[in-house]
Amino acid sequence: MDNDALQSMNWRERLYVIIFFTNTPAGRRFDTWLLVVIFASLVVVMFDSIAHYSERYGLLLDGLEWLFTGIFLVEYLVRIYCHPEPRKYVFSFYGAIDLLSVVPAFIALLLPDAEYLLVVRAIRMLRVFRVLKLTQYLSQANFLLVALRGSKQKIIVFLLSVTTMVLVYGTLMYVIEGPANGFTSIPMSIYWAVVTITTVGFGDIVPVTPLGKAVATLVMITGYSIIAVPTGIFTAELATAMRADSLQHRCPTCEKLTHEPNAAFCSRCGSQLFRQADRDPQA
Amino acid sequence: MDNDALQSMNWRERLYVIIFFTNTPAGRRFDTWLLVVIFASLVVVMFDSIAHYSERYGLLLDGLEWLFTGIFLVEYLVRIYCHPEPRKYVFSFYGAIDLLSVVPAFIALLLPDAEYLLVVRAIRMLRVFRVLKLTQYLSQANFLLVALRGSKQKIIVFLLSVTTMVLVYGTLMYVIEGPANGFTSIPMSIYWAVVTITTVGFGDIVPVTPLGKAVATLVMITGYSIIAVPTGIFTAELATAMRADSLQHRCPTCEKLTHEPNAAFCSRCGSQLFRQADRDPQA
Amino acid sequence: MDNDALQSMNWRERLYVIIFFTNTPAGRRFDTWLLVVIFASLVVVMFDSIAHYSERYGLLLDGLEWLFTGIFLVEYLVRIYCHPEPRKYVFSFYGAIDLLSVVPAFIALLLPDAEYLLVVRAIRMLRVFRVLKLTQYLSQANFLLVALRGSKQKIIVFLLSVTTMVLVYGTLMYVIEGPANGFTSIPMSIYWAVVTITTVGFGDIVPVTPLGKAVATLVMITGYSIIAVPTGIFTAELATAMRADSLQHRCPTCEKLTHEPNAAFCSRCGSQLFRQADRDPQA
Amino acid sequence: MDNDALQSMNWRERLYVIIFFTNTPAGRRFDTWLLVVIFASLVVVMFDSIAHYSERYGLLLDGLEWLFTGIFLVEYLVRIYCHPEPRKYVFSFYGAIDLLSVVPAFIALLLPDAEYLLVVRAIRMLRVFRVLKLTQYLSQANFLLVALRGSKQKIIVFLLSVTTMVLVYGTLMYVIEGPANGFTSIPMSIYWAVVTITTVGFGDIVPVTPLGKAVATLVMITGYSIIAVPTGIFTAELATAMRADSLQHRCPTCEKLTHEPNAAFCSRCGSQLFRQADRDPQA
């Protein structure tokens, strides 16, 4: 969008284009500054949680939080003001995220010790996705989604199997090791089974008895083996999705998009296709 | 199956359809409630194992366990009553699982301290697979099984190699580090080798001597490298299985065997193929 | 091989067939018993290393070790006696392994405290591969080897990069954390870097300073990312090797074995191939 | 390059060929010795960091460091002298690495306690890549780069998602567990989240409260699941890159683009193809 087009709009439309789109120099500058403010506010959240800094610079950090809240508030109001359908914006996903960037500071006035507000403040990170206008990446994310959706059923079977395994192994270890060795309850043993099967292995609870170690060996080898399953499922689906994309070859008669690498005739209507050689050389 | 068909059956046939199948509204309601009861009984098993709750609410938890056992017992007897071939049901896999849901409470009357009954109670989880009537997922699980069967021999060679490696590395570490550094016996060292090769790394036993650390480095790099092997085997087999399935479709004219999933015409000779819809709708 | 063929041989030839081959009932029985003896001798090695058992049953375990050594010695001598080319057998890989099964007990007479003999005794495990006559799996192992050989160069580049990374990260952490926090020397820091990059994470050495933790975060994310590289390389090579195999289609003129799925003419000599449909339906 | 061609050059040209190239016997000998010196200097760096050795053999190690610095200095000056465009060499990547091999010893004279020089000394490892003249591996590394570049956008989306997840999980655990249980600040909690999601699991910080353990279970299962994503992306891209490369070979008659690696005749029309040998011998 060139600058002249921008000049011919009124003030509110111009704001809308600058704030919500990225194809003007002003829009790009706005996005850059917003990104800086978001990261700065996240840095403040982090420093505020470090006792050393919050004790010494508490006032400064509070001031900065109020400054950023002010900026986000103004931004939020301007977004509502200039959006052609304000209601739609407010109830959109990003509209909610934008509101959540502003709310915590005000709630903190009423409930000064509400620590869970920190989580709300951390959610500001989600705004980065919007600011980066990741539409160019959406076709990529789409690939991932197609691959994930294609493997949905396989993944449900896989997750149910893992859940059953974790439950049975957890109960087994609780019976074998018992509360004396740290396996104080079945949920605790399930936590241990998850820590072990995912190969995280914190080491806060470990089997002590020989039988417990033998079962643990079995759990580990199982975990090691099944890590191959979701990777394999996902890779195979992704490869299929990518191949399907690379095979796209529009039929001149029926507009069917995808065909086999060596197809000479459209597989839907039977009309002849252009020679393979006329197309992308990567079959 | 519509309601009229259900009305025309006698009481026992109707029960059979409701309990064993999922294609009636009543059957779906039955399954939902059974699922709720199974998960509730598993939750009771877990709370019963937490000292804090079992001390305070022991009577309530025992009562609930008897309630769920009663429900499962009634369900088990009804299943036997309404099944056309009761004997076949009783000796089927799910028949055994259903019986195992009922048994522990009664054995506990005779042997009140039999902790291993907990494991039997946890096995109830397997009933979820039946209740969810995972037949729709079976074609998916089938894929996984085909992939696993196709890679069976490769996996046996792989497992034998890993076993040998674990045995030799374990013995080596026992000789190098010795009982003083926690490697108290060869089985213990093998346990350490499995913990390390699977990248779990609890940290309850760690090498202390420089030579031991050098060998441990070797073990870790080996483990890191061979994790690629089962993943690679499984992925390649799965991709082959998926491609083979999605492509099989013989052309009646030119005998070309493989076509695209939705092909209506042969891509080599242009003659019409059988309707895709006549085949498996998944493809 | 039927029993009559076996009857017509002399005693030595018969022994050779029974001991070295698996296609006679006697040969299969011999292999089963040998497998049992090998595993029993490995179990003795393990129990001998557990203080509890070696103190109480030391004499019994020593006796069993001598018994197994005797069996292996007799087997070794019989193998030499009945092999048509004894010298070739003695200097073959399995000949050496067979000898190593016998030697430790005798060396232990001279050097009673030589603990490293345990490793030699553990190497007996390798005999399992021979006894199982894994020739049927060789074609499978061959696949793995083809895949590994095909990715050899990629793997060398990968390993050199990982080595450099481990060296630089290790030195960096040594400088940042220093001996006070457990990073007592550069080799020790390299050990930590390997433990971290391979995601084993023992936790015996952990970063303590904030800067050290930041660098550790970087190390972990790097390790997490590069785990994809060898898996990807190996899987892609394996898939290629498997596809190459599945495409095998012998040309009637020039005997060329592998062709493309849809090949109508041999790609080496240009003569016509049999129709695709006459072959294995899985293209 | 044969020896006669080398004889006909002047002294400086001959040096250039020997030092910068690998296709003369002298050049190969030079590279071997340089490799030995580089590894020896890295070994000295390591021993120098072990208190036990640096106390006892400090003088020897310092002497060796000066010896190696001298060798590298002479080599650096000779490289500048014999290179046809010295300026280009000095400002090249490897020119900078070569200079960095010499500098630390001299800076250490001025700042004897500058420990960070160790990192500079470890960077010498990068010279191995040059000495090994990894040009033969470049086509392989190229594959990896193509695969990485192809998956760049997918990887950015993936990394941003992981960053957001780590930030939100870290803040959540800080709020749940708090400083009393080791989660002393949000950055510390983020460090824990990274340790957990990458399945490293040091165990220096672990959740203590039941709610914290439940969230940790979620974090671990998330980490376990998403490990499949980069592996899948990379493998699929790599497989595509490898297939594309191995197949490109245009038939002069029917314009068919893709053929088998060693095809001499087109598999569609049977006409002769250019010799495979005229192309890249790898294929």
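We call the chains A, B, C and D, going by the order they appear; numbering starts again at 1 in every chain.
Going forward, a contact is a pair of C-beta atoms (placed from the backbone, for glycine too) under 8 Å apart; a residue touches a chain by one contact, two chains touch by 3 or more.
It should be emphasised that the depicted structure is a prediction, and the values quoted were computed from it without experimental measurement.
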{"item": "Repeat of interface A-D, chosen from B-D, A-C or A-B - more than half of residue-number contact pairs shared", "value": "A-B"}
{"item": "Chain whose mean Cα position lies farthest from subunit A", "value": "C"}
{"item": "Same-residue or different-residue interface between subunit B and subunit C, half as cut-off", "value": "different"}
{"item": "Approximate Å spacing (C-alpha centroids) for the pair subunit B, subunit C", "value": "29"}
{"item": "Chain centre separation (subunit A, subunit C; CA means) in Å", "value": "40"}
{"item": "Where subunit D touches two or more other chains, by residue", "value": "187, 190, 199-203, 227, 231, 233, 235, 237, 239, 268"}
{"item": "Residues on subunit C engaged by subunit D in the complex (per definition of touch)", "value": "153-154, 156-157, 160, 163-164, 167-168, 170-172, 174-175, 178-179, 184-187, 190, 196, 199-203, 206, 210, 213-214, 216-217, 220-221, 223-225, 227-229, 231-233, 235-237, 239-240, 247, 258-260, 262-270, 272"}
{"item": "Parts of subunit C lying in touch with subunit B, wherever the complex brings them together", "value": "42, 45-46, 49-51, 115-116, 118-119, 121-123, 125-126, 128-129, 132, 134, 136-137, 140-141, 143-144, 147, 187-188, 190-191, 194-195, 197-204, 227, 230-231, 233-235, 237-239, 242-243, 246, 261-262, 275-277, 281-283"}
{"item": "Complex contacts: residues of subunit D adjacent to subunit B", "value": "199-203, 231, 235"}
